[in-house]
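Shared between the two complexes below is subunit A, which has subunit B as its partner in the first and subunit C in the second.
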Partner chain A sequence: MKPPPFDYVVADSVEAAVALLGQSAGEAKIIAGGQSLVPMLNFRLLRPALLVDINAIAALSFVEDAGHEIRIGALTRHRQLETSPVIATHLPVIAEAMGHVAHLAIRNRGTIGGSLSHADPAAELPMLALLLDARLEIASGGGRRDVAAGDFFRGALSVALDDGELLTEIRIPKLPAATGWGFAEVARRHGDFALAAIATTLTVADGTAVDARIAMTGVADRPLRATVAERLLLGQAVTADLLERVAAVARESVTPGSDVHASADYRRHLVGVLVRRAMDEAWRRAQRGAA
Partner chain B sequence: MTASRTITVTVNGRRYERTVEPRLLLADFLRHTLGLTGTHVGCEHGVCGACTVIVDGDSVRACLMFAVQLDGRTIETVEGLGGPGKLNALQEAFRAHHALQCGFCTPGMLMTATDLLRKRPLATDDEIRDGLSGNLCRCTGYEHIVKAIRAVVGPAPSGTAANAATDD
Partner chain C sequence: MTDAAHLRPKMIGASVPRTEDARLLTGRGAFVDDRKLPDALHVAFVRSIHPHARIRAIDATRALAAPGVAAVYTAADLEDVVPPIRATSRMSGYYATPILPLALGKVRYVGEPVVAILAESRYLAEDALELVEIDYEALPMAIDPETAARPDAPLLHEAAGTNILLTREFKRGDAEGDIAMAPVRVKGRFRMRRRTPAAIEVRACAADYDAGRDALTLYAATQIPGILRDALAQIFDLPGHRLRVVAPDVGGGFGGKASLYPEEILTCLAARQLGRAVKWTGDRVEDLTATSQAFDEIIDAELAVDSQGRVLGLTADAIGDVGAYSIYPWTAALEPVQVVSFLPGPYRVPSYRGRVRAVATPKAPTGPYRGVGRPVSTFVIERLMDMAAREIGIDPLEIRRRNLVADDEFPYKVASGLVWDKSGFHACLEQACAAIGYDALRARQAEARAAGRWFGIGIASYAELTGIGSRISAAPGMPINTGTETASIRIDSTGAVTAAFGVAAHGQGLETTLAQVVAEHLGARLADIRIVQGDSDAVGGGTGTYASRSTVLAGGAAIRAADGLREKVLQVASHLLEAAPRDLVAADGRVTVVGTDRSVTFREVARAVYAEMGRLPPEAREELAVTRNYDPILGTTSCATHIAALEIDPQTYIVRIERYVVAEDCGRIINPLIVDGQVHGGVAQGIGAALYEEVIHDENGQILTGSFVDYVVPAAGDIPPIEVVHVESMSPTTLGGFRGMGEGGTIGAPAAIANAVADALAPLGVDVFELPVTPARLFRLIANAQARS
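Our next item is the complex of A and B:
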C-alpha cells in the first residue's frame, strides 16, 4: 500500500527538531532510518500530519570513546556500529549482534536511536542496551534528561519518550577487565527478527564470577534480564552443571507468546539452549581475558 | 499542509528535477515519475528486496525512502548497470549461470550484489549468501545466483566454495 499524506520538514539541529515536535501537539513523527516507520506508514498503521526528518543532523551520528564509557549518537546507522573499530574493541558483543540485525540494505539506513525508540519486542539493540546498562539521553523543548535502559522499555513498541522528545545519545559504560561476553540467536532466516536471542557478560576474578548479566529478547513484550539466573553464577566457577541450572532458571523465568513463527514452548526451550550457549561463550572469553 | 517539493537528483549519471508529494516513495518516483521501471516493487515493507537501489554508494530499499529525502543525492538503479546488448560483467554472469527465471527479483539481486562486490571480499560462498539474505527469489533456489556472483569475484580459496549448505 501507499502511505497516507503528510507534510515533511528537514530539521538540521536537535533544537530545530524538538521545536518542531513541540509545536505539533503530538501530530508529528520523527523519521530516522525509516526502516520501521515507513513500513507502518505503508500499511497505514500510522497517520502523522508531519514527518520531521532528522537525517541531516550530523551531530547525532558518532561513535566515541569517552574514557570510562562509549558514547553513540542516536543517528548512528546499524552499519556504522557493525564496522566501528571502537565498538569492536570495547563492546564486541554489539559488533557481533549487528550481523543479526536485518539485512545489508536495511542496516545501511536503520539507526540505533530508531531501533531503541521503536522497541520491537524481538529487536537486538534494546536487549543490548539493557544488558550493558546503557543510559539514554533525551532532548525536548524543556531541556535534557537521561534515563536508564531498564526504565526506558515499557512494552511492545512502547518506550518512555513523550511526544515532544528526541533520543539523542546512548552512553554505555565500558566493561571491566576480565569480562567475557556471549551472543546467541535463533531466527527463521539470517537477518530476520529473532525467535529468541540472548546476550551475556561475565566478569571473573580469581576463577569465579563476580558479575553476571543475561539479557533476553523475543520472549516478552520488552527485553528482559534474567536476574535470578544471573545471581546463581555469583561466586562460582562455571561448570557444565551450573550452566545447566542457570539455563533452566532462565527458561522458567519467561512466559513468551505463541505466534505463526514459533510456539511459546519452543521459545522457552530456546531460552534454555541459548542461555547455556551464550554464558558458556562468556565464561571462555572471560578466562582468556583474565589469563 | 502536504505541499509538494521540487527535488534534484542524479540517477545513473543523469540529472532530473521533479516536483513530488512528500509521501511519494522512492520506488514509485523511479518507476512512475521517471519511467525507470527496472526497479521492481514486491512487498512495500522492506522484506523482499526487489526494490533495492544504491543511494550515495549504499544499497537501500526504495520502498522505505521518500523521494523528498533524495534531494541532491545520487542514485544507481539496474538501468545504470548495462542494457540489452551491453550487459555488465555481473549481468552477463547472471545470464551465463541461469541466475534468473521470471526476473522479478533480479534488479534487487543485481543492486545488492553490486554493493557487496564493492565492499566485501566475498571470500566464501557463505559470505555471498549472508549478503543476499535480504533478497527473496521464488524461482531459482538461489544456487545459481550465488554461482553467478562467485564467477564475478573469482574462485573462492580451496575448500570454501563447495560448502553449499549453511547452518543459518
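Our next item is the complex of A and C:
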C-alpha cells in the first residue's frame, strides 16, 4: 500500500493551479484534504504523474453570507461547515449532516470541493448540493463556468469536471422563510459512509407545502432527488398517511445495489424509513418556523 | 509477622497503574517498525490473486532489473535451502500440511505469498511487484466448507487425499438415545462467521544479521518469540545462541501473532543469504488477507431437557473451515476441536456426543483467536439453553440455575473429558443478575414490549480452561510444550531486580502484574523491579503469551523463583545482621530483624555479595539469582456470566446495547485495573463478533473484506459502558490461586448479545442462529418471519 511515484507541486493561486493542470495533459490530480485521494493512491487505483496541492490557496477557504445566497470556498473543511455560524443560521441541514461525515480528524482535513469532486455514491455533501440546488463554480485555463449540482454528478466517482478544471466555489441559495429541514441516516457505525441517508426541505405556506425536496445518497451510483415523491407533498398538509405514501414512492423509485454491508432490499427499505423520518422532521420544523 | 510486613501495602491485589503505559501513551514505545536497522532491505510480496491455481511460470526478470531492487525470491530459490515445516500431531487421520515461505507449485488462497522482492525501500519494492509476471492456471475449488468436505471435491492438498484434515469425536453415554426419549428437544444449525484479529499494529518483522558470528536477531511483532526461535532454529539448523527472536512492544495480537508465518521465515533467510538486515512491515491489506483468521464454523446441535428444564443429552456435529493450511505449531485442530470439547459448557450434561471435521478451503489459514473455540461453543450452548427455557416456559435465568454445576460437585468432569475445578459458576450468575437488576429489567422489558418496542435481555454463562499445564495439549503431540513457564530473577550488584520470563506481553500489562508478584514474594520495591520478556534469550526455553496462560504460569514461576531468591537474600542478610534467617523478614527492598529496627537494604545485601571483598564468607557469595519453572499440570477453570440489555430499532434494525454486565471469577486478582481493562477489551471484541465483524469471500474465492472500509470493527462509540463484578474465588489448583482471564470477555459477549437479540425479537418468532447478526441479516430474518406468518 505505497503509492506509485509522482511529482508534487504546491500551487499558491487558482491561476497557478489551473496552469499546472493545463500543462500536464490529464496526468495531474489536485490534492485537497487528501482523505479520499491518498487511499486511492496507496491502493494504486490512481497513478497521476503530478499532484497539485491546493491547500496553500487561502482564497479558496471561506464561508460567506452573500445576501440571497451562501458562498463556500472549495477548500473549506468539513469541520468549518460543521461549526460555521453562517451555515448554522442559513443552512443548518449541512451542519447537522457534517456530524455524520467520518470522524473529527478526517473532518479537519477533508474539504467540500474534494468531497463533491470525488463523488462517492454514499457521501453526504453531494446529496446536500443536490438538495439545496447548489451551483458549482469551476475554473480552468480557459476561464470560468458554473454548473448546477443536478448536472455535476454523473456516476460513481465521476463528475462533470474536465482535465484541467478546478472546482473553486459552491453557491447555495438561501432557503425561503417557513422552510423546515430534515436529515436521517443509517450507517454501520457512526462516521461510516451511509448505507442510506436522506435530506429533506419543506416550505410551508398557509398550512400546506409549497416546495418539497427529498435527496438521497447511498442508494445509487450518484445522489438522487425523489422528484415524484416530492410532488405528492405539494399543496398538502403533511399527515402520517401522506408521509407513508411519500416514503413508499421514494422507496420504489430507487434500485440500490448490494454489497458486503447491506443488501439491495435492506437499502430500499431504509429509504422508506428515512424519508418518513426526515420529512416528518422537516414538516415539524417548517411549522415551528411558520408560527 | 513483623510490623513492617503488616504495614506494607499488599502488592498482589493492588490497582497499580500500568508501568508500561508511561512509555506507550507518550509515543515512546518501540515497536518493530520503529527499529531502524541501517542499510536494511525492505520486503514486499507478490501475493496470489487466485484462491486455487497452479503456478505454471514466474518471470521476475523485469522486477529484478527495477530501480533499487536487490533480490527476488520465488519458491524455486528456496527448494534446497528451506525445508518445509509442519504442525505435527498424533491425532489419528490428521494431515499436517507442509508450510513454506513462498507458494510452491500451487497457490491455495488469495493473499498467499508467491514472490518476495527486496529493495532499498518498500516503495521501490512495491513498484517492482507490478513487473513480476506469473502464469497461473486456475484450478477448480470448493470455497464452501461443506462442499469441500465432500469426497468428490477438488483437493487443496493432493497428498492428503481429502480436504478433511482431521476428525475428532467426544462421547459420554448414549446421547442420541437420551435425546430420542426426552420430552423436550431444541436444535439448530448454528453458524459463526469467519473473522480476523485486526490488531492495531499489523504484523511486522526485521532480521538483523551479524556476519561476524553468523547470527540472526529477528525482531518480530509476535506473541511467541520462543516458539519462533525454536522453529527457525530447526529450519535453518542454527544453535539457539545464534538465533534470537525479540518481540519488542507489540500492539495487540489476539492470536493473530501467535503462529509462525511465511514472512518471518523469508525475512530470516534473505538476511542470512544477502548478509544484510531485512525488514518487512505488513500493511493493512496484508493483515486482513494473510494473518490467521478465526471461527468459521457450522454446528448442527441438539439439546434435550426434561420437563423441569434439566439437561438430558446434547449432540453436535461441527464443521470447522480451517482455511488452506494447518497452522504452525497449533494445527488445524485448535479452533474446531475446542468448539466440541467445550460445548457442554458449565452445565451438568449427562450424555454428550460431539463430532468435528476440520476442512481445508482456499482461504487464509485459521489460527488461535482470543477465546479459541469457546466463543463459538458458548454461542451454541447458550442459544440452546434459551431455546429450551422458552420451550418449557421458564426464565433463561432459571434454566441456568437448574443446570450449572453446583458448588459441591467440583471437581466436575465434563462430558468431553475436561475437568472444572472449584469456580464460581453460580456466584457469577447471581451476582451478574444482582448488578444489572434482573427482575426490574424484565419489568421494563414488559413495558417496552407493550409499547411495541423491541427490547431484549440476554444471559450467557461459560467456563473455560486457562493456565493450561503440560498434561493438556491443543493437539496431542504438537511440536511445542505450552504447559511450563520459567522465571529467572536476579539481583545485580546495584541491588536492582531483573525478572526474566518466556512470556511475551502485547497489551496485557504483564510488566506490571508480574512485577507485583515478584515484589510481594521477594520483598522488593516495585520501582526496583524490571520485567524482561518478549525475548527468546531471556530464559532457556519459552513459548510466549496466548491462551490466558501468562499470569497463571509466569505468576506461579515468579512466586517460586522469588521465594527462592528471598531465601538467598535472607541468608546473606543473616551474616550482615548476625541474626538467624528465620528471624528476618524482607519487605520493601529491605531486610529487617523481626522486632528490632536493625535492617539492611537489598542494595547493601547486593554490595556485600558482589562488591565488598571479605564482607562475607566465600560460600555465602553465591550469585543472587534463582531460576524456577512452574507447570500447573492441568490448568484451572475461569468462568463468568454476561448479561446484555439492548434495544433494536423496529424500522432500521440497528441494535443499541444499553447495559452490559460481566460477573467473572478469575481467581485471586493481582491488579483489578488490569482485569477490568482485559474484560472491557474482550467484550468489545465479542460485540464485534456478535454485530459487526465478518471476513467475506465471494463464490469465486476472492476476499471482499480487504480493508477497514469493508471489514467492520466496532469503534469506541459502538461499545457501551461495561460494568464488571469480580467474584474472587482462589483457584484451588494453581500456585497463587490465579486463574487466566485474558479471553473471557470475547467468549461471553457473542452469546449474550445473540440471546438478547433473540429475546427482543421473540414476539416476532425470530431466532438467531448466525453471527454476526448485522442489520441486513436482521432485515432478512424479520422479512422471512413476516412472510411466514
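As a working rule, the second predicted complex is superposed on the first by the 291 of 291 C-alpha atoms of A that agree within 3 Å, B and C clash if a C-alpha of one lies under 4 Å from a C-alpha of the other, contacts with A are read in each partner's own complex, and residues count from 1 in each chain.
Keep in mind that, in the parts below, a contact is a pair of C-beta atoms (placed from the backbone, for glycine too) under 8 Å apart; a residue touches a chain by one contact, two chains touch by 3 or more.
Since this is a predicted model, take the numbers as computed values, not measurements.
*Asks:* What is the contact status of A:Ser158 with respect to subunit B (first) and subunit C (second): first, second, both, or neither?
*Replies:* neither
*Asks:* Now for A:Arg189: first (subunit B), second (subunit C), both, or neither, which partner does it touch?
*Replies:* A:Arg189 sits against subunit B and subunit C alike.
*Asks:* Is A:Asp53 contacted by the first partner subunit B, the second partner subunit C, both or neither?
*Replies:* After superposing on A, A:Asp53 lies in contact with subunit B but is clear of subunit C.
*Asks:* Between subunit B (first) and subunit C (second), which, if any, makes contact with A:Lys2: first, second, both or neither?
*Replies:* both
*Asks:* Using the touch definition from the top, say if A:Ser263 reaches subunit B (first), subunit C (second), both or neither.
*Replies:* Second partner only, subunit C.
*Asks:* Does the superposition put A:Thr239 against subunit B (first), subunit C (second), both, or neither?
*Replies:* neither
*Asks:* Kindly classify A:Val273 by the partners it touches after superposition: subunit B alone (first), subunit C alone (second), both, or neither?
*Replies:* After superposing on A, A:Val273 lies in contact with subunit C but is clear of subunit B.
*Asks:* With the touch criterion stated at the top, can you tell me which subunit A residues are shared between the subunit B interface and the subunit C interface?
*Replies:* The answer is residues 1-5, 43, 189-191 of subunit A.
*Asks:* List the residues on subunit C that touch subunit A in their complex, please.
*Replies:* Those in contact with subunit A are residues 122-123, 126-127, 130, 283-285, 651-654, 692, 694, 696, 704-705, 707, 709-710, 712, 714-715, 717-718, 774-776, 779-780, 783.
*Asks:* Quick check on the complex: what are the subunit A residues that touch subunit B?
*Replies:* 1-8, 34-35, 38-39, 41-43, 49-51, 53, 55, 79, 99, 102-106, 108-109, 189-191
*Asks:* Would you mind writing out the residues of subunit B in touch with subunit A in their complex?
*Replies:* Within the complex, subunit B contacts subunit A at residues 1-3, 5, 21-23, 25, 28, 44-46, 49, 52, 58-61, 63-66, 68-69, 112, 115-116, 130-131, 133-135, 166, 168.
*Asks:* Which positions of subunit A touch subunit C when the two form their complex?
*Replies:* My answer: residues 1-5, 43-44, 186, 188-193, 195, 259-263, 265-266, 269-270, 273-274.
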